[in-house]
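Data block below; observations after.
Letters are used for the chains, namely A, B and C, taken in the order the chains are written, and counting of residues starts over at 1 for each.
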Amino acid sequence: MRQRSLIAITAALAAGALTLTACGSRDEDGGSDSGSGGTTVTIGVDAPLTGDLSALGLGIKNSADLAAKTANKEKVVDGVTFKVEALDDQAQPSSGQQNATKFVADKNVLGVVGPLNSSVAESMQKVFDDAKLVEVSPANTNPALTQGTDWQTSKARPYKSYFRTSTTDAIQGPFAAQYVYNDSKKKKVFVIDDKKTYGAGLAATFTDEFKKLGGTVVGTEHINPDTKDFSAVATKVKNSGADVVYYGGEYPQAGPLSKQIKAAGAKVPLVGGDGIYSADFIKLAGASGGGDLATSVGAPVEELASAKEFVANYKNAGYKEAYEAYGGYSYDSTWAIIEAVKKVVEDNDGKLPDDARAQVAAAMQGVSFDGVTGKVSFDEYGDATNKQLTVYAVENGDWKAVKSGTYTG
Amino acid sequence: MNELPQQLVNGLLLGSMYGLVAIGYTMVYGIVQLINFAHGEIFMTGAFGALTVYLYILPNGTSMWIALPLMLIGAALVSTTIAVGAERFAYRPLRNAPRLAPLITAIGLSLALQQAVWAWYPHAKSALTFPEIPGGPFHIGDVTIQTGDIFLLVVAPISMGVLAYFVMKTRTGRGMQATAQDPDTAKLMGINTDRIIVVAFALGAIFAAIGGVAYGLKYGQIDFRMGFILGLKAFTAAVLGGIGNIYGAMIGGLVLGVAETLATAYIADIPGMDQFGSQSWADVWAFVLLILVLLFRPQGLLGERVADRA
Amino acid sequence: MSGVGPVEPGEGTRAWDTDEPGAPPPPRRSRERLALWYSLHRRAALTTATAAVLLAGGGYLYATRPQEPPPPAAPYPAQVVDVTYLEQVATPMGVRPRTFSFAVVLSVASGPPVTVTRIAQPYAGVSVTSAPQAPFPTKAGSSRKIVVTMRVTDCGKTPKSAGLPFLDVTLRNSRAIQVQSYILGARYAQDLSEALQVACSNDTG
């Protein structure tokens, strides 16, 4: 009797836990079958839909969904209905790889948008490349993903099926360093990162440039992203005499870190990359976060007419979550896949060829259109050719653009 | 400037929080030999309970001095309800089942609670801001103490004292000691062991709730995952101090907190240890300490005070 | 259907819309008045009527004229301007100490003409002049070569090597004035680093 009730309860709990998890991670893709008939092409989305980074991840998912719906409404590709299927990677490389395998197994998937984290991308690239399934990331900024691990000395593209619409840290870190050194006139930096692919890589490119400019690194620290207690680190920052802190990582840690550094008595700005450029950072950093800086990919939204339209459409579509930092890039990534599919279908007399995946991946190289974030096209490494970036400062509880740059090298 | 006093205070504050949560682990373990892995989530729901009181029950702009006691009550109510409910419906039916069954149940419960808050608490998908106690930081010599930390500094020792009095002096407290020693004999002596177990869960939950409020005040934000890592650390603290011993839980928490902080602050200064000194290595050093303690004192720091049944 | 109502109109069953035999028909009377007024003010009436018809017709035509879409707002200058690095060139107008020059190409893709009002670079120890001298306009669809001349004023405030240097170009068009940083890439970085080293190694100036 005891045994049976034990089994019953365990089963019930397990089922409960599973249902709850499923609630979050399954995409509501109702209504996609009501299209004009013909072929249905699935565009996969992989992003953290739960957990700390879900604010960014849900923005990516919704924006991809908006792009697919717009394409269906405007009948961008005749006879093809697009459908978005989103999987949750929880910002974990292992989950990302599982999702990649799942997408590869589904023959309807002709392209994948995502992921958010560079570390997750590393685990997915090979799976996609083996299947010649195209992957377009709206948010990965680690240079090695497109230019190989030795990107500083010799660039070599590791995977032909990987593309991205965002700028890389090879530009972002140095740009931040020059702003901090030349414009903010800060000469002593304390560099902190979270040891992840993105954070550590960004901190390294920043440090490199900051030293070249003549600045000093008065301390380095690697934090544990699982904790929220940074008091020991904050005390170290205060005693180091740094006049600025650079953090390579994401906002769930950066917000509390900024707050605790200021609470410890070090009234110095915290500077970060696109990973901290989120409204949530300002919320978490609190009132003392004024003056903190972030570089982010792309030009400010108000400068681009196309971005305004996207913002309006996003609002009208009634998504619960904000589009966040990568919404526009996600829309453009999805649209790039749609354009590639369009080209493949048009070249094949309006039908999908048998080796659609390989052809879509090949067509992606030649895609060019005016997207939300400006002109979208890819260079020989799969990087976006449009390399704009902007420095934002926290002012009165909001991010305000203070300097923009364009990479034309 | 000498950094040591500030780092010690940082460590003690972190440790007090570990201690508050560790008490729940140690009391439940002492009485039913169950590692209640859902305790971290009880701590988390306590913090959400307090936030609910502040956001949805109290009128906007209520002074923190009035709000705080009410938030504590709200936190304690939520935590206790969940803990007692878990005991009644999840653990009690399994009391005579093999050890592993309640343990797995606890892990399942922990996941379920996390996901429930994630799914159903408004805006809980990202971190939520927690109200703060107004007022600037206090400076004592080189040491800076935040207003949010004052709460922890005051409440942790007081509640610890109250608990000690309760366990040592009251009838129920002595009943708890007796049940911890030998539940069958205690039952024969007329102690309602079922009630004692409920009391142990409830007390642990109240301490977790206090810890949850302290966490919110200290860091200014709470999220649905906050209980997972902190629960693990608190469990470690309970083992370090000698699981089953309430003083051990507090001491273990303090030792763990100070060890982590000092490891972050000073290991990097030791020549040749540069790359092992950052905060990401602090946990490693804390667990090295745990292993060392358990090598020489397998029962934990204060382990001898409790009748060993394990 | 039979036997529903009185066959003969009884008291109160008479239809309301038939005129009372004795009552004079009012419309006819007003029509008579109108005719009288018309015969008296014939010319004025005709003029007014013509004017009204003309106004209405014109208004209709105006309102339904082929609608030209409002011209799209001019793009922000930074979104249409591209600056690329060409090469290091000989310093014009004689060799001054610690001075070196680079050629860059500025092109405007679309929109109204863009005027460069200032070219600067971020290092504190270096001053910049350009030929043509700012401000100078550039039309959409065209590009122009600019020679940027830098003079090192203080070697202490100059980096030993430049990692990813840029030019700050102040752009103006009818939409906005913007300072955009153009990061000119690795070749520029290398050339600039070499030039800085040369400039700061010989203590002639």
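Keep this in mind: a residue touches a chain if its C-beta (ideal position, glycine included) is under 8 Å from a C-beta of that chain, and two chains touch if they have at least 3 such contacts.
Predicted model only: the values in this text are computed from it and were never measured.
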Hypothetical removal of subunit A, resulting connected chain groups: B | C
{"item": "Centre-most chain [mean C-alpha coordinates]", "value": "A"}
{"item": "Centre-of-Cα separation between subunit B and subunit A, whole angstrom", "value": "35"}
{"item": "Approximate Å spacing (C-alpha centroids) for the pair subunit B, subunit C", "value": "61"}
{"item": "Subunit A-subunit C separation of Cα centroids, rounded to whole Å", "value": "32"}
{"item": "Residues of subunit B touching subunit A in the complex", "value": "1, 3, 6-7, 10-11, 13-14, 89-90, 93-94, 96-97, 101, 104-105, 108-109, 111-112, 115-116, 118-119, 125-127, 129, 132, 137, 144, 146, 219-221, 223, 225-226, 229, 260-262, 264-265, 278-283"}
{"item": "Residues on subunit A engaged by subunit C in the complex (per definition of touch)", "value": "170-171, 174-175, 177-178, 182-183, 208-209, 212-214, 299, 303-305, 374, 387, 403-409"}
{"item": "Subunit A - residues contacting subunit B, complex", "value": "2-3, 5-6, 9-10, 13-14, 16-17, 20-21, 23-24, 50-52, 54-55, 58, 194-195, 220-224, 226-233, 235-236, 239, 252, 255-256, 259-260, 263-265, 280, 283-284, 286, 321"}
{"item": "Footprint of subunit A on subunit C - complex, ascending", "value": "72-73, 75-76, 78-79, 82-85, 122-124, 157, 159-166, 178-188"}
